[in-house]
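Going in written order, the chains are labelled A, B, C and D, and every chain counts its residues from 1.
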Amino acid sequence: MSILVDKNTRLIVQGITGNEGLFHTTQMVAYSDIVVGGVTPGKGGEKVLDTIPVFDSVKTAKDATDANASIIFVPAKFAADAMMEAADAGIPLIICITEGVPVQDMMRVRNYLDQKKVRLIGPNCPGLLTPGEAKVGIIPGNIAIPGNVGVVSRSGTLTYEVLYAMKNLNMGASTCVGIGGDPVNGTNFTDVLEMFQADPKTEKVIMIGEIGGNEEEKAAEFIKTKMNKPVASFIAGQTAPPGKRMGHAGAIIESGAGTAADKIKALEAAGVKVAKHPEEIPTLF
Amino acid sequence: MSILVDKNTRLIVQGITGNEGLFHTTQMVAYSDIVVGGVTPGKGGEKVLDTIPVFDSVKTAKDATDANASIIFVPAKFAADAMMEAADAGIPLIICITEGVPVQDMMRVRNYLDQKKVRLIGPNCPGLLTPGEAKVGIIPGNIAIPGNVGVVSRSGTLTYEVLYAMKNLNMGASTCVGIGGDPVNGTNFTDVLEMFQADPKTEKVIMIGEIGGNEEEKAAEFIKTKMNKPVASFIAGQTAPPGKRMGHAGAIIESGAGTAADKIKALEAAGVKVAKHPEEIPTLF
Amino acid sequence: MKLHEYQSKTIFSKYGIPIPKGRVAATPQEAREIAKELGGKVVIKAQVLVGGRGKAGGVKVANDPAEAEELAMQILGMSIKGLPVRKVLVDEASNIDQEIYFSITNDRAAKKPVMIASAAGGVDIEEVAAKTPEKIVKMHIDPIIGLKEYTARDVALAMGLPKQYMKDFTKIALGLWEVFKATDATLAEINPLVITKEKKMIALDGKMLLDDSALFRQVELEATRDTDEDAPAEIEARKYGLSFIKLDGNIGCMVNGAGLAMTSMDVIKLFGGEPANFLDIGGGADSKKVAAAMRIILTDPNVKAVLFNIFGGITRCDEVAKGILVAMDEVKPKVPMVVRLVGTNAEEGRKLLENANMITAETLADAAKKAVAAAKG
Amino acid sequence: MKLHEYQSKTIFSKYGIPIPKGRVAATPQEAREIAKELGGKVVIKAQVLVGGRGKAGGVKVANDPAEAEELAMQILGMSIKGLPVRKVLVDEASNIDQEIYFSITNDRAAKKPVMIASAAGGVDIEEVAAKTPEKIVKMHIDPIIGLKEYTARDVALAMGLPKQYMKDFTKIALGLWEVFKATDATLAEINPLVITKEKKMIALDGKMLLDDSALFRQVELEATRDTDEDAPAEIEARKYGLSFIKLDGNIGCMVNGAGLAMTSMDVIKLFGGEPANFLDIGGGADSKKVAAAMRIILTDPNVKAVLFNIFGGITRCDEVAKGILVAMDEVKPKVPMVVRLVGTNAEEGRKLLENANMITAETLADAAKKAVAAAKG
């Protein structure tokens, strides 16, 4: 067991013939056998890596492959449409790797996807890894081993750091979920914690947060009231200078929240052990 | 019992200070005690008919009166916004009397209201009448008496004709629902038939249709498969010349459907007795 | 409201849809001038607001300006389905390789706009739809979200458009959606949308219908309305917001509500009469509107009797009665009038008409019977 | 990207929001000219991209053109929070009766834009929000549907705006929403939105922030970017799509990913060092980008050591290594360099750097310790 993706995932890749799309498709295919097709408008009928069919649209790809997940590598200016296309085609799980999606696009997309009850991971995220079963994204497969620790993170490369440290301690992951660091995204900490809590294979959880927003505080509340599995954490940005202020409005709408100290305090109050540096996290259980 | 509205309905009137709004509010108040307030932006704080408070917005009206239904008398160009305002304010039942609402407005409104799970009756409809309990709309109260016959109609004045004929035969109505004749509206025949089938007070149903669209055919299917209460019907427009054609597209999208003969055939096949003229309907049970 | 082909195509062009070069002409000389400007072969197309002009000979190809003038003269002298041709469109001729059908209209059952497309476009599209429905692609547009590029692509893919034209088609589809929204259209149709031998995609023909209910915000378009083809009575009716259709019978009808108006006609026929018109005075009609309605009915020399069937709701019977009195005073009708007033303020209305020498009726059936009898004299 | 007050107000005005008459001036003489044109009292306002200019003396009222010139000279000679004032806005003075706060920004928690309004506007609005939060109205906007007139009305009602101004306010709110959408703003703020003694509603001040991610479709606005106030290194970083913030320490950092970059800084501090900068080379950085990043870091004379922490995912370690080699060849750095490469193509990357005389590290903690030691010499 695992959450969101496993060896039965049937994945299509939007933007499969682009540079990044093709590179990471190659990596994903090398890791596991879940990529069933790709989408690049105008290139339908071609193949990549000799065997993976390319389609002109998500709809035709879904019709032909019965895909149940789509990963998006298209440039930022096309990403909003790509997510909506996947949702309209009936794909229930969308992972958007693309970074730099305009925030107003994301608000429209997120509200649209919510109406359609589609699960989005990202954007601006490294995707998902269920070690030994499914690599859906750009997390290097060789830095993690299967196990019973669920990992969820707002950061990309920082997540690799933690998986790598876990592997060096022979600690394996059930699923690693990179939810992305953008202000408006699809899935938040609490959503993933809820899945980990329900997943029989996951026995412990590592949560990697960072400054800004209040998702970590909400997660702390969830951990306190709804979780019985142990959680360890790290919050990046403890020494970062305060960010740029969003006029008076920013102060009013996000008053007080968002500092590393606040987040750490909330997590510790919820019984979470918080590490001083990322390589320390796996030693805290 | 009855459907949709009864003596416990708490109704607000959007456009209460306009000509039609005020006239029909007077009639509704004379009939029953369900009007709790009205809305006209800019006139909040005033009163109509000495006792009914006017508010500047549906939100403030709902907050103050705990209304659970709203009836709309505003001009066509403001009607779409009025319906959305009521929905956003959390009103679960909206009755729009206004005629001439642009069809593209109605498509947007209908799709929006569906997302919010708000029930809309109309537009371009005479509203609802639960005789002896609640008059929500413009159906003259004195032409109907309480009883066990549910009435549903796409037409306005034709409905009065039927209620009047029923009254002359001493036949009463449980609730009369005027769903309106516009191509895109809120509630259709099947919705109302389903409610009548579930309503213990309703023992028989009269359905008044007209040419165009295929709602009568769908209703026939519903009657055939899901109803055990007797249904009598009349279809207006049996002698009408064929309407204006919507180019080739109209022929393709609505091919064949919509003639009175087709509708009558479908209804008769579902066991519905279809009258030759409206005054005959109540004699068919 | 219907738009002419040339009007539709001008709008298409404004939204980036390629159309042939060309202009409208009201005289053969103008047609010649335009043909000269365009150079080469031109197509002369009758501009009438009915279908089937091609089969009626209203579309012809001219090889040079002289022939253009001659053909324009022929076409401008024609009547198509009873409508005189007053204008022709002179377009440069295209080398057609493929004809595609593409339109956006409202799907009332789905409560959404729908795109209809077929790679087998042209004048026989309805036959294609009837015989080989699998060749017709239908895809809905979310009216809140609007048309997305990928949905337009899905249409192109589903109809099997050669891939090299996918981008052109997508652009045209998005353009037509903007046209549809901006004009409050109920139909925006391109048939045929052609692929030329020069590998270009062009909207060769265009047809648009606008939502009459939305004309309040389409002031510019309404100003272009071509009333040449409307009966004077219909123009008059529109002025007063009345819904009027002339028919062939001899019993004039004035009713409030479309459903009751149709029913009144049904019942007249049921009892052996023939209605002279459909006339719905609408909800909340005041006396001015009613007087106008009555004048319109009585203008028809065929009318031998008039049936007023008013069931008051939003319409108040006393207002209707006042309108009848005003109109009678003005028109001094010679034909018998049967009046039936029921509902809101019916009592007051009846009182107003007491001395007006009208036949009264209680039920609709009774009213219809009396009208039929009166018309027979 | 921040806009100046005068830029924000110009945009407001384009969308129908009333603003005071006025123009921007770069010299005292220009200010005098503008004051002359406007006649009467004017306000001279420093145009700098930081808050608090009023309290710093950057806003002054002049009674005549001569005084306008004098005050403009004073203000143009000022620095506010370290930023020199290069432009002033000269606006006609208003007779203020009431100051309202109104803004639209993104509520990331709700995933929706939000309107924030208060009848107690002005410079102390944050204090109002902290002490009397009931005076602050917040209402969300559905990002798909957009702002509806009735929601704008609800804002006016909720903040207790006198009813006579409801229509003016509604129009301004709808205008500001159009501004927000059209410019991809993350903040559009009017503070104060004033009611004048002449009963007019005017946006007296304006502040806008734009979404940097959306600048690709805001080409015109990006062209107006004021780079006067940016450090050259930041301008250079932006050119290459690097995220760079200068800090006060002596260990230069080049990291891929914002989270890991912050963490690298955290760990440097944890082990007793001080980072000289935040620098995220982003995902999928190629060798050109990496070389630029290295040049930017080494331009800072404070830098005594550099830490490269690259964990390959979308970024390939071999590409980063190539970039480092290119930059070293060009810049010939004198400071010690600690390199840690892990993840995608790390092996290939390490091989490329084998002969480059760099300190290598396996773990982040190890790398940070080595960098701290190297910086101490």
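For this structure, a couple of remarks:
We take it that contacts are C-beta pairs under 8 Å (C-beta built on N, C-alpha and C of every residue); 3 or more make two chains touch, one makes a residue touch a chain.
What you are looking at is a predicted structure, and each value in this text was computed from that prediction instead of being measured.
A centroid comparison over C-alpha atoms places D as the chain most distant from subunit B. Comparing chain pairs A-C and A-D by the number of C-beta pairs in contact, the larger count belongs to A-D. Centroids built from CA atoms put subunit D at 54 Å from subunit B.
A straight line joining the Cα centres of subunit B and subunit C is 27 Å long. Chain contacts: subunit A has residues 112 touching two or more partner chains. Taken residue by residue, subunit D touches two or more other chains at 144-145, whereas all remaining positions touch fewer.
Each chain pair that touches appears in this list: A-C, A-D, B-C, B-D, C-D. Across the interface of their complex, subunit D is touched by residues 19-20, 23-24, 27, 76-77, 97, 99-108, 110-112, 126, 138-140, 143, 153-161, 164-165, 181, 183-184, 208, 210-211, 213-214, 234, 236-241, 245-255, 276-279 of subunit A. On subunit C, the positions that touch subunit D within their shared complex are 144-145. The part of subunit D that touches subunit B in the complex is made up of residues 145, 148-151, 153-154, 157, 163, 166-167. Residue ranges of subunit C in contact with subunit B, taken from their complex: 51, 101, 103-109, 111-114, 116, 125-126, 129-130, 136, 138, 142-144, 181, 184, 186-187, 189, 191, 207, 209, 211, 213-214, 216-217, 245, 247, 255-260, 262-263, 265-267, 269-270, 275, 278, 282-284, 311-316, 342-344, 363-365.
On the subunit B side of its complex with subunit D, the touching residues are 41-42, 44, 56-60, 81, 84-85, 88, 112.
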